[in-house]
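These are the structures in question, set out in turn.
You will see two complexes here that share chain A, one where it goes with chain B and one where it goes with chain C.
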Partner chain A sequence: MLPPPPRRADPRRTFAAAALLAPGVLLLALILVWPFLVMLGMSLRERFPGPIGPSFAKYAEFLTDPYLLNVALRTFSLAATVTLLCAVLGYPIAWFLARSRSRWAHLVFLGTIFPLLVSIVVRTMGWTILLGNEGLVNAALLGLGLVTEPLRLMQGFWSVVLGMVHVLMPFMVLSIAAVLGRIDVAYAEAAATLGATPLRNFLSVTLPLSVQGVAAGSVIVFCLTVGAFITPIWLGRGHVTVMAIAIHEQMVTLVDWPGGAASGILLSLATLLLLGGYGLLLRRWARR
Partner chain B sequence: MTARTGRRLLNAYVVAMMVFLALPIAIVIPSAFGEGGDLSFPPRGFSLKWFGAILERPELMAAAANSAAIALVATAVSLVVGTLSAVALRRYSFPGRGALMTLFMAPLVFPAIVLAAAIAMVLAPLGLIRTFQGLVLAHIVVVLPYVVRTVSATLAEIDRAWEEAALTLGASPWQGFRTVTLPLLRPGLVAGATFSLIISFDEFTISLFLVGSGMMTLPIEMYNYAEFSLDPTLAAVSTLLILLTTLAVLAVERTVGLGKQFS
Partner chain C sequence: MSGPAKGVALSGVAKWYGKVPAVRGLDLEVAPGEMVSLLGPSGCGKTTTLRMVAGLEAPDAGEIRIGGTRANEVPPWRRNIGMVFQSYALFPHKSVAENIAYGLVMRRLPRAEVAARVADAMRQVQLQGLDERVPSQLSGGQRQRVALARALVTRPDVLLFDEPLAALDRKLRERMQVEIRQLQRAVGITTIFVTHDQDEALTLSDRIVVMEGGRIVQSGTPGEIYERPGSHFVSDFIGMMNALRATVTGRAEDGGLRVRLEPGGRELAVAGPAGMAAGDGVELMLRPEKVRLNPPAGAGLIHVGGTVAHVVYLGAVTYLHVGTPDGLVIAMLPNAGGDAAAPRQGDAVTLGWRAADMVCFAPPRDA
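Let's look at the complex of A and B:
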């Protein structure tokens, strides 16, 4: 992604770059790196306030607690489901944005990024109005006589999936569209000339070439789902406990900071490992 | 399937997805104008009373003022710091440049809840929980990547020959930056500042452990309010937020073009 270095490094320019970067790096060191280290230290305590440790008690507690393991499993299946749905549902929109010469393309682009900029609380409340017991969907179903009493559409895993897909789809669409826009159409045209059907052409030429965009979008969507709090708690109505809710519980309700820290570190590590494996898998598939 | 039917299918699909993306946002607006005290749809009657009701909720007003002030200060700081960093990352070569770029983008993908908890653990012993300064610090980390990204994307578009011409004509590097590069950077700065303002104003998770009585942000106050009663006052606040966002997006679109900032 970075352009080739513009010039040979010379000490004076290196010094200038260091001076320009100093405030940014200092800020990130203080509010990103240092907190992460403090959290790591906190996770190695048995209790807080208390001796500094190191002890792996909180990690052992997490890994033997069926409730927390279940929450972790639910979090990652939610993230995987949301990522997959965003990729499948978002790909055609990205295709439209990158390839269509329609005069509506710019409007579709605005329609894609606008939700991204509307407050997440507003969007989640919109789903409440749509899916609630007296919401639009139930009103329509009752009006059409399809059901006799309101369906409980909220408070399930799938209502959270719906809300998260809605929130995160724009990230996926923009990532895929950016890569699709850079692919030379000549490849697909060559394949078509050589007799490839449109489907085969897509599967063996365009899709592998655009896999970078799907990968980048997946990483963003997956990470944002893993760390999400408001959509699961609001649309799940307390029935879909994910890691973010569990960490909030540990930190605020139980005031167990070492426990919350251990959960946080494990969540970051697991996310990193899963994404690493996913990256390897995609690279192998694209090279095939 | 002919190419033409394929294209029609794609168009129909895109329209359906646009409806999916717009519906939960659009549906909030009519709900703010109903007469009934609940958020049912379709709303009954027509009334503007829920907009008046916002004024009778001092906690919502105070939270909105806090969020606006936090967004302004966090944006101002990250605009300066982010621009300096973007210039260094784009215009200079030095060892570890790629790693630094990753560090600057890291807050975008780091699980938000973990970052929130970690920042709270650092700020708590310093007495910065439930303070304006604490929230500003946390929000800077969240918006900085957006500023660095938009500014460095614009920098990549600027032909270096302009800057080099200024230097050849005897300008100092600072003069060259201030009189040539900075004016050319304007689109990136406008877009970066707008996104940063919106993202900070809407930020929920990062503020979660840092707010408390006396120092609330609007999204969290709205969430607390909804827990307690889901009445159209919130729909009215949301309608105003949607209006603000629309105006901001249109302003960026008119002045610098949104498409450039995302491609």
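Let's look at the complex of A and C:
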């Protein structure tokens, strides 16, 4: 056989590809890479204005500051909790959306993405109306005589979890449903004829095959929770300080720009590491 | 198998999908160890019937018995069946060995026994050395074997196939047909095999069940179905057929029919179904291989002269399409070799066949 003729790039095609890619690449460079480099430079100063060290003083400060470490721990606990809840609560909804031929599937779909369509302010106000000291839940509890003074339903870790799960659920549901919809039902049927009870069938066939959807949804939900600012402020009422709030404090209140930048870089790194480990774990489990 | 082979019996089984009837009142008995093919055109309800036996669909009426006990309410995972799907449905995230082991693991057999039986099954279907591959790294024939091994390794009471060979090329399909048949005989397992390929049904089955429109139209051994089709539909569906149009002119003394071939006006006596009256239109069905070319005169044959309109050469056989005064007749000639050259297009030939080889049916109503 003759070797295939060498593929020569058609200059017109190359140009077209470059022209099509350019706007996206430029935009990414502008809004992602450039600010990141600025941040990195900032974090390597000891003070601002001042020379770029490079100095790791601000990183060392962060890693020895119990307050900031505590905030970081809280942030990642919050993100992990929200991700877990979204996955556990969202999977059945995704299942319904992907497999059901019911007329109600459209309504469920709308209900799922509805929180995304409502502005964050309105959504958070809604939770306030529900959970605040004069809110509906407290009014009902007081009216029924179940409590004598309003419960502090807001201002806690769990009220923030509630609000975050509410708004981030659609990302999880849609990620899982997209993958579930593409899995041939015959796999689960084959497993059933081979003696798998519904639970073992799900755990050994459908769940591993849909794990990519869970992983994708988890990454989105986790990242968005780690970076969340307004919901923790509003629903936590200042009692749930997460990294976004702490960095804001460092930069705006304490005017410690290098410190805030170092926190931001560390937060990004930790998030990447955690997600990488999580991805590996899931893949290993699914390939059992 | 756990104990002696079990049979399957369906009685009055029906299934609707919404307002669409898929299966309408099916009665079918499969004896222990028997291999039965469900044969019929697309959409006649074969898959639906098989899925009801597997428990993947619930019948709307009727009863399904496996080994004499009612199985309607038994979920698929407790029916002890093996099923080979058309798409094979091999678990893409598991290796070949894990796929085959799946049913044994679900039955919570000890590790050592699982390993031994998987190795056994892999030897049985000639898959040695492929344990660690995943399905996407296998050829179509190998996937087919994995699916077969996975279904057989649990020693099910009933083995179900849904057109498992449809995706294979012809050579491989024919080899797999023989292999499946040999394996089924060796294991002695009760088997239902769905296909719309008549050759496959003839090759594989102890008995062929021909279905049409959700019903069984005929059931019998391959020989019976081929030689004595019970209806126009069956005769047309199985094997290639000549259909000569004719009109009934009366009853013969021996109980047969007297008919007149339509274009040519030739009068014949043939065997025919009861309930035919003079003036009814019928079709005389005749297999191409029963037609002889230029037969000697006076052999008790019906002789028809004609002109070769078309020659189809298939290597082992040649089909002659011959235009005759009685309509188009297709004759199949074996290529025995050494003979005089086969007729060519435009040649004048004489065809002959025995009257007894013709079967007479009322033409299909919608035709």
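The rule is simple: the second predicted complex is superposed on the first by the 277 of 288 C-alpha atoms of A that agree within 3 Å, B and C clash if a C-alpha of one lies under 4 Å from a C-alpha of the other, contacts with A are read in each partner's own complex, and residues count from 1 in each chain.
The definition used in the following text is that a residue touches a chain if its C-beta (ideal position, glycine included) is under 8 Å from a C-beta of that chain, and two chains touch if they have at least 3 such contacts.
Predicted model, so just to flag it, every value in this text is computed and none were measured.
J.: Overlaying on chain A: chain B and chain C, fit or clash?
T.: Aligned on chain A, chain C fits beside chain B.
J.: Between the centres of chain B and chain C, viewed from chain A's Cα centre, what angle do you get? Round it to the nearest 10 degrees, please.
T.: 90
J.: Check whether A:187 is in contact with chain B, with chain C, with both or with neither, and answer first, second, both or neither.
T.: It touches chain C, and chain B stays clear.
J.: With the two complexes superposed on chain A, say which partner A:144 touches: chain B (first), chain C (second), both, or neither.
T.: neither
J.: Give one of first, second, both or neither to describe whether A:112 is in contact with chain B, with chain C, with both, or with none.
T.: first
J.: Where does A:205 make contact in the superposed view: on chain B (first), on chain C (second), on both, or on neither?
T.: After superposition on chain A, A:205 lies in contact with chain C alone.
J.: Taking the superposition as given, does A:123 touch the first partner, chain B, the second, chain C, both, or neither?
T.: first
J.: Return first, second, both or neither, reflecting whether A:196 touches chain B, chain C, both chains, or no partner chain.
T.: second
J.: Looking only at contacts as defined up top, I'd like to know whether chain B or chain C touches more of chain A.
T.: The partner that reaches more residues of chain A in the superposed model: B.
J.: Using only C-alpha atoms, work out how near chain B sits to chain C after the chain A superposition, in angstrom.
T.: Superposed model gives a least chain B-chain C C-alpha distance of 10 Å.
J.: Would you mind listing the overlap between the chain B footprint and the chain C footprint on chain A?
T.: In chain A, residues 198 are touched by chain B and also by chain C.
J.: What part of chain A is in contact with chain C in the complex they form?
T.: It is residues 184, 186-187, 189-198, 200-201, 204-205, 208-209, 286-287 of chain A that touch chain C.
J.: Which residues of chain B touch chain A once you look at their complex with the stated criterion?
T.: Touch list, chain B to chain A: 1, 3, 6, 10-11, 13-14, 17-18, 20-28, 31, 38-42, 80-82, 84-85, 87-95, 97-98, 100-101, 103-104, 106-115, 117-122, 137-138, 140-141, 144, 148, 156, 160, 173, 195, 198, 201-202, 204-205, 208-209, 219, 222-223, 226, 230, 234-235, 238, 241-242, 245-246, 248-249, 253, 258-259, 262-263.
J.: So in the complex, which bits of chain A are touching chain B?
T.: 1-3, 5-9, 13-14, 16-18, 20-21, 23-25, 27-28, 30-36, 38-39, 42, 89, 92-93, 95-96, 100, 102, 106, 108-115, 117-123, 125-130, 132, 134-136, 139, 166, 169-170, 174, 178, 181, 198, 219-220, 223-224, 226-230, 234, 243-244, 247-248, 251-252, 257, 260-261, 264-265, 267-268, 271
J.: Spell out the part of chain C that touches chain A in their complex, as residue ranges.
T.: Going through chain C, the ones touching chain A are 54-56, 75-83, 85, 87, 89-93, 102-103, 106-107, 150-151, 154, 160.
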